[in-house]
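The structures considered in this document are given below.
Same chain, two partners: subunit A is paired with subunit B first, then with subunit C.
And then the complex of A and B:
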């Protein structure tokens, strides 16, 4: 593994057993949610993953972080202490590595515990990984709040007091407080209003520069990926059908599915009618 | 504005309390229950007589009326009751009691009466309500042995109400433990526990309770019987709670904020105690509150049928045993008074539980 790559995913598959319902359930088959996916992410870059709902984007990124157990494949992560295969580690061994990779969730309402105050939510990673420095936690949390553009008086409020955009900022603060190197944004802006999306995207871009972050950016909005990412994967039915620099994917798509996705982007000019390609006439494989 | 903190700044507990306060009936029920539990705790003090003390002058005597005016119309600030004159009806052989206005029994509050052992700790003589020596006071009448019904209800409250509470605690422990295990481990364990619950729930409860309590040895001490009844009642009741807990566990396990905690590297213990339990604690408290009346009713039913608690233990169910025949309804309806208390307590618990459930529901409307 070259040290330029922060993450190298090779032939990663996630399969779920299909069970027959009944008194004694038995396995009657398998559903392949992620099929032999390989890619690499360079340090400091932004990789986009696009695809329609159900194409396996979320399952893929969750399997990378071992929130879902992958069935086969390897995930080489260039940690602070050298490269490790995340798939080979036990959950206990993964614990210290969790400080270096974090996730920002899609739904800013469901991803924050409604019964904890903002201060406790953002401080939780610190409490888990650096309980001995508890005196500095407050300072760090306030600094982080400032960095994501929230007022310091937010500390004693509960998540329900915030708007979607503000909550997403809280989620970002929680993900970044441990100073991770890899941040996975799982549809981090798709639940937000368009104007708020832009603010949050700009915030993510600023933070990337400041903290030298590497993003994996999952989205279904192609415009956002075009704007934000350098390289992209196009996923369809669990498999990667196309990958490469974003500009190339946008200007000369190779796979029919990519063409279909691109044809479904509405134009800013209201006179141009949206004319998505006909699914049935394409060779989607 | 400065007096009222922003709605946004309130903690869940405080929000719950604010919502609960709007529920006037639940609030009243809570007050009533606190009141009646206080009476149960200090029953020796509140009851004028020992539960097994007999007044030979009053057998099957009706409730005495409180008076403020004497027969000649003189007002008296201290309330009093009249003694009974007994006449046995020569045709029906029914005891007929009438007030004897020549026997005035003034009622004293917080003064000395019958001696009693308070909590088996020390001897005391002060009662909340009592009469002078040689006189008597039967607010709810007496039973066939001349025992004071009011005193027996007050003593019975201690047994019946504590049985409900202890039983629910036991139910909670069993339900949360087994249900949590099923929900957390899932898979085969879950399947096994679910089937066990189905089997237990499909057995008709009353015959099962009767069979189990009939197996309690007769020579056991009243305390032993008391605890075995609690165990028998909880043995069936935990299943409902286990189902609820399992469902909540399964649902919460997949919540984003729980996954977020896992990805932060939180330990299992931390996830359970910091993220899962607080999210359904309110739910458990509500379910438990709604389960207490079931316990009390079950004990009453068992004791009424004669397979629950047995005399000399005094519980509301034991008291109702005397009201098993229809003569009672015609001749001595005051023996049914313990039933009124059962009804009141059950309704109060249900209203309180409803109020708690509405208050704990974070989606129950935001208007305060």
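And then the complex of A and C:
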């Protein structure tokens, strides 16, 4: 593994058992949600993963973090103490590495505990990973709040007092407080309005520069991926059907599924009519 | 009132009140919906676009309250009347909701009942508004499902919402909304929860239906690209006020109000740019000021003081 790559994923597969209904359910088959996916992510870059719902994007990124157990394959992560295969480690061995990889979730309403104050939400990763430094937690939280553009008086409020965009900022603060190197954004801006989405995207870009972050950015909005990412993977039914620099994917898509996705983007110009390709006429494999 | 206007809102204000403060969700707005056209209301969340639509069907729940205004509805072959004057229990209101006017919601998962079959839910709409036999209602509902692109409609009628995908559920919602042949269809962010490919399919379906049925559509969204594809007239709302109105080409190609310009600039485009021009945050958002709508050239309106309107647009 070269040190330029922060993450190297090789032949990663995730299979879910299909169970027969009933009390004594027994396995009758397997569903392959992620099928032999390989890619690498360079340090300091942004990799986009696009695909429609059910294409396996979320399962893939969760398997990378071992939030879902992968069935086979390897995930080489260039940690602070050298490269390790995340798939080979026990959960106990994974714990110290988890500080270096964090996740930002899609739904800013569901991903924040409504009974916790903002200060406690953002400090929770610190409490878990650095309990011995508890005297400094408050200071770090205040600094982080400022960094993501929230007022210091947010500390003692509950999530319900914030708008969607502000909640997403709280989620970002929680993900970044441990100073991770890899941040996975799972549809982080999909639930937001365009103008708020623009603010959050700008914030993510600023933070990437300041904190030298590497993003894996999952989205179904191709315009957002085109704007935000350098390289992208296109997923369809669990497999990567196309990958490469974003500009190349957008200007000369090779796979029929990519073409279908691109043809479905509505144009801002009322005179360019939406003419999506017909799914049935394409060779989607 | 001219017959080219199917619905006309005059001086509508809606307030939400709690113990501490009163918030005007809709602040003295005036708008006209043209018959057989698609009018789009765009704005961020909290701009009052959905509340306006809910008021059209008298669906504002306490603590929300319509404090002033009238909504004049002129259905074809009927006298025009003020929707807000209708009593809560009046038969005319039942006729209106789902009969003359119906609505498609953003979340097809929450808008459908999980414990009733699709068929039952569509038939309920028919049986509420038409005096026909159950058997005939079943046939009508099945035909409507076919019409919105759901195959094997007779078997699908007996299935529950969880057996349908997101796009299919939205098709069911459209069938349910159109089955009583309403004159106004309100679409409240119908494609926001959908993937881009499914969104394209639903937009194509709505356009195709619009071309074959004579219906006036009110389309609520924050996605300007969707507006570009489907709308004839556009109304830009912010903070409960209308900031600009005009045709879809006028607003998207040549916006005058700085807020409309900001909304368009915030869309991540196909051209790559280092940063998006986000509309500034809450503190400066109010700085557009409160101005009345002024009619300008090209049959459009903008809420700006006269000196800020470019001279070539002034009447």
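Quick note on the criterion: the second predicted complex is superposed on the first by the 285 of 285 C-alpha atoms of A that agree within 3 Å, B and C clash if a C-alpha of one lies under 4 Å from a C-alpha of the other, contacts with A are read in each partner's own complex, and residues count from 1 in each chain.
In the analysis below, contacts are C-beta pairs under 8 Å (C-beta built on N, C-alpha and C of every residue); 3 or more make two chains touch, one makes a residue touch a chain.
If you're wondering where the values come from, they're calculated on a predicted model, not measured in any experiment.
Engineer: Subunit B versus subunit C on the shared subunit A, clash or fit?
Structural biologist: These partners fit in the superposed model.
Engineer: Answer with first, second, both or neither: which of subunit B and subunit C does A:125 touch in the superposed model?
Structural biologist: first
Engineer: Let me test your reading of the model: by the given contact rule, A:273 touches which partner, first (subunit B), second (subunit C), both or neither?
Structural biologist: After superposing on A, A:273 lies in contact with subunit C but is clear of subunit B.
Engineer: Touching A:99 in the superposition: subunit B (first), subunit C (second), both, neither?
Structural biologist: The answer is first: A:99 touches subunit B but not subunit C.
Engineer: Check whether A:212 is in contact with subunit B, with subunit C, with both or with neither, and answer first, second, both or neither.
Structural biologist: After superposition on chain A, A:212 lies in contact with neither partner.
Engineer: Please indicate which partner A:114 is in contact with in the superposed arrangement: first for subunit B, second for subunit C, both, or neither.
Structural biologist: First partner only.
Engineer: Touch check for A:65: first (subunit B), second (subunit C), both, or neither?
Structural biologist: Touch status of A:65: first partner only.
Engineer: Who does A:156 touch here: subunit B (first), subunit C (second), both, or neither?
Structural biologist: Touch status of A:156: first partner only.
Engineer: Regarding the shared-chain residue A:133, is it in contact with subunit B (first), subunit C (second), both, or neither?
Structural biologist: In the superposition, A:133 touches no partner, neither subunit B nor subunit C.
Engineer: Give me, in Å and rounded to a whole number, the least C-alpha distance separating subunit B from subunit C in the superposition.
Structural biologist: 6 Å.
Engineer: Mind listing the subunit A positions that touch subunit C in their complex?
Structural biologist: Against subunit C, the touching part of subunit A is residues 52-53, 149, 163-164, 193-199, 201-202, 205, 220-224, 226-228, 247, 250, 260-261, 263-271, 273-274, 276, 279.
Engineer: Could you list, by residue number, the parts of subunit C that touch subunit A in their complex?
Structural biologist: For this pair, the touching residues of subunit C are 44-46, 166, 195-201, 203-204, 222-226, 228-229, 231, 248-249, 252-253, 262-264, 266-270, 272-273, 275-279, 281.
Engineer: Which positions of subunit B touch subunit A when the two form their complex?
Structural biologist: On the subunit B side, the touching residues are 6-12, 191, 195, 255-257, 259-267, 270, 274-275, 278-279, 362.
Engineer: Okay, in this complex, where on subunit A does subunit B touch?
Structural biologist: Residues 23, 25, 62, 65, 67, 94-96, 98-99, 102-103, 105-107, 110-117, 124-125, 128-129, 156-158, 160-161, 171, 174.
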